[in-house]
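The chains carry the letters A, B and C, assigned in the order they are written, with residues numbered from 1 in each.
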Amino acid sequence: MAKNNTIWNKKDLLGLEELSREEIEVILSTAGSFKEVSTRKVKKVPTLRGKTVVSIFCEPSTRTRLSFELAAKRLSADTVGITSSTSSAVKGETLKDTAKNIEAMNVDVVILRHTTPGAPHLLAKTLEPSVINAGDGAHEHPTQGLLDIFTMKEKKGKVKGLKVSIIGDIAHSRVARSNIWGLKKLGADVTICGPSTLMPVEIEKMGVSVTNSLDEAIEDADVLNVLRIQLERQKKGLFPSIREYINLFGINRQRLKHAKKDILIMHPGPINRGIELTHDVADGPYSVILEQVTNGIAVRMAILFLVTGGKI
Amino acid sequence: MAKNNTIWNKKDLLGLEELSREEIEVILSTAGSFKEVSTRKVKKVPTLRGKTVVSIFCEPSTRTRLSFELAAKRLSADTVGITSSTSSAVKGETLKDTAKNIEAMNVDVVILRHTTPGAPHLLAKTLEPSVINAGDGAHEHPTQGLLDIFTMKEKKGKVKGLKVSIIGDIAHSRVARSNIWGLKKLGADVTICGPSTLMPVEIEKMGVSVTNSLDEAIEDADVLNVLRIQLERQKKGLFPSIREYINLFGINRQRLKHAKKDILIMHPGPINRGIELTHDVADGPYSVILEQVTNGIAVRMAILFLVTGGKI
Amino acid sequence: MAKNNTIWNKKDLLGLEELSREEIEVILSTAGSFKEVSTRKVKKVPTLRGKTVVSIFCEPSTRTRLSFELAAKRLSADTVGITSSTSSAVKGETLKDTAKNIEAMNVDVVILRHTTPGAPHLLAKTLEPSVINAGDGAHEHPTQGLLDIFTMKEKKGKVKGLKVSIIGDIAHSRVARSNIWGLKKLGADVTICGPSTLMPVEIEKMGVSVTNSLDEAIEDADVLNVLRIQLERQKKGLFPSIREYINLFGINRQRLKHAKKDILIMHPGPINRGIELTHDVADGPYSVILEQVTNGIAVRMAILFLVTGGKI
């Protein structure tokens, strides 16, 4: 760990695709140190005092926005936020102009959630402040991927060799994509499982196994990372009915009968209860879903710390 | 006062119905100490430094939201807010899941305004953080009730034996309900007055007098607490016309001719000027409406302090 | 400069019309001192610690709202905000009642953007806290005017004798009006240029030259302050077509051929790229548009400092 400060030298966090194994490991170990802060009586360290963090959320979000905001505040940064409804988007300003203006306000970090894949990458190229991708279309959601992997590592002691099955709508999932990039780099075995209409083309090239059988995906798995179904996709005919989805891919206690006894059930939230997971599974002994949320703050504190030049 | 710390041991503030006389008095006396902070040049004490306060407002609100936010900031807490429009309500997450997620972020206090009576009580049962009810449907609005009572006590020196008349739409008023619970516990005489269509059934069981005559309600009263009329109720036929409401229940100077010379006029705001109160009454010498607002911050500071385990 | 503290004694900043030359100069020199704060590693001074700044924005805004919020935070003030959508505007409360309520919360500064000209002046008269006009209808936008003038002075070393041409929709522009008041008081020569349908009547009385010829406005100009076109005005028939507007008043490189070699191009943002300015001009060597944004924070810090009684 003594040389971590020589490993991380990126200004931005755009995706797990761009990160090396070493960089991912630096984030995870830094997050490990920050996790303790949120359990203190005084949940605050002066690390980013006098730094300015601006979040731009062009899609609705509660937990990611809140998690970033709390991470920044617990590091003593000043935070300001823009959501589409209050932004000069209504005046027709381009994202780049908005961002250049924010940069001109001597801002240190811009957190961006955007519907367009690659929007944070575009900003990162033109901005001096750090850019953190908080989800760009169906492309990547790197902080979610990292908190998922952090949680797996914390629970299982390692990532290398873990068998992780990702269940659901892989094609439209930035969470899946960030998980796959990160898990593969750290040496996990990844299986993806979902309706064939919701599988991306040529996904095998990412080095994952593909199956349409949930039982196959569960068997031998150390971790099930169950994705959220966007119910509006159904209207577009991408899967036949909610009932059929539940029958084929919904996780319930019966389904888990042949699972490993120490399997972890993860979900990025918000859960469609009764669809992706039954109540008893969502709240059951295998579930680490709320621990993911707790770890999200630690991971985001680590990232804010690292991209602003923090040394460890 | 030396033993107050042995009196308050509640994690939450849900309603005045649940509080004992002693608990209400602890809040009032603690608020008395905090009131001075907002008059300082530096309006800030470090009491809640490093604590996290999340407010969830599922109904529009300016003054209550702002009052809580300023109370928290003057105690040096970190504050973050969710309103329905930005929340994952749009993703269909249940309130309980939202709250469990917020809890997982190591939050200390959740302030909730919700349209459903009992929603804060439900959360309080399942959450480790403190829950403060900022208004639940037509049920209770305890911080409003407490700031009303604080103002009465400050102005009159005592609550016991005070004659308080509450005027207006009692049936739909959480403010009325919290006032009645609190005032009765402290020994005040409470009269309620309004159109019979806007009276709750069996309200006498709460130990109040009921009248449909405004003159009767004003005569002998030490305090008039005048409720806001929700104009949309009229469309539902609950009262005949605004004009008739004003004639029967609107407070004007003429109406107050036979009132006590030191009567207090209170209103939780926002006022429908010219309906519940004429301009000259709202801004006149009997009105303590803006002092209620000032006291609201002190009362909310006291509550934030007490529910997070502050000792006095 | 030693006596500046005897020059500024206003509680509010409502418009440049109300300010003397000396008062404007105090703001500019104070802003000069604060500019450095935003370039520090720790961008924060304790000047307004424990003060409360409330911003009320009844029109959408990103940059002005953000700039004020960051200015306040870098002075260590506590900030809370209201936008129309979350305010009790939905409950029909008048602006004055909202403001009196905010005042009762022991607030130090109210920042107001409002569609009605004179709304901040009305508040200032009735409120004890300082009121800062963040734009009132087509009347004034004094902080924008001041940051424009600050930028001119910083770049040109002086304002007296500068030739400043303001281009565009003068009639509807609060930015134009604040520029004209301020620039004339400091001794600049101001020319306004735009379609005759977008010129205010009797504007010559403000001591400016008027032309409909862009070439004439550019010739000899030290500064072009190019206003934003509100595209919705076109629908009202105030100018014939976007294409014609561009032909007559759009600034492009060709147009600038005969301009002074050190001309400054300014724009209050957000730019309609390709309309008021071509890309190469907006991002070109003459443009100081982003420096205006940077200076906006310094100017707003200065104003917050001065209206709250800061001495220099």
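Here is the rule we go by: contacts are C-beta pairs under 8 Å (C-beta built on N, C-alpha and C of every residue); 3 or more make two chains touch, one makes a residue touch a chain.
Owing to the predicted nature of the structure, the values given are computational and were not obtained by experimental measurement.
Rounded to a multiple of 5, the Cα-based rotation taking subunit A onto subunit B is 120 degrees. For the self-contact between subunit B and subunit C, the two sides draw on mostly distinct residue numbers; the shared fraction is below half. Computed from the mean C-alpha positions, the centre of subunit B lies at a distance of 40 Å from the centre of subunit C.
For subunit C, residues touching at least two other chains, in rising order: 85. Across the complex, subunit A is touched by residues 49-52, 54, 78, 80, 82, 85-88, 90-94, 97-98, 100-107 of subunit B. Within the complex formed with subunit C, the subunit B residues making contact are 38-44, 60-63, 65-67, 69-70, 73-74, 83, 85, 231, 269-273, 290-291, 293-294, 296-297.
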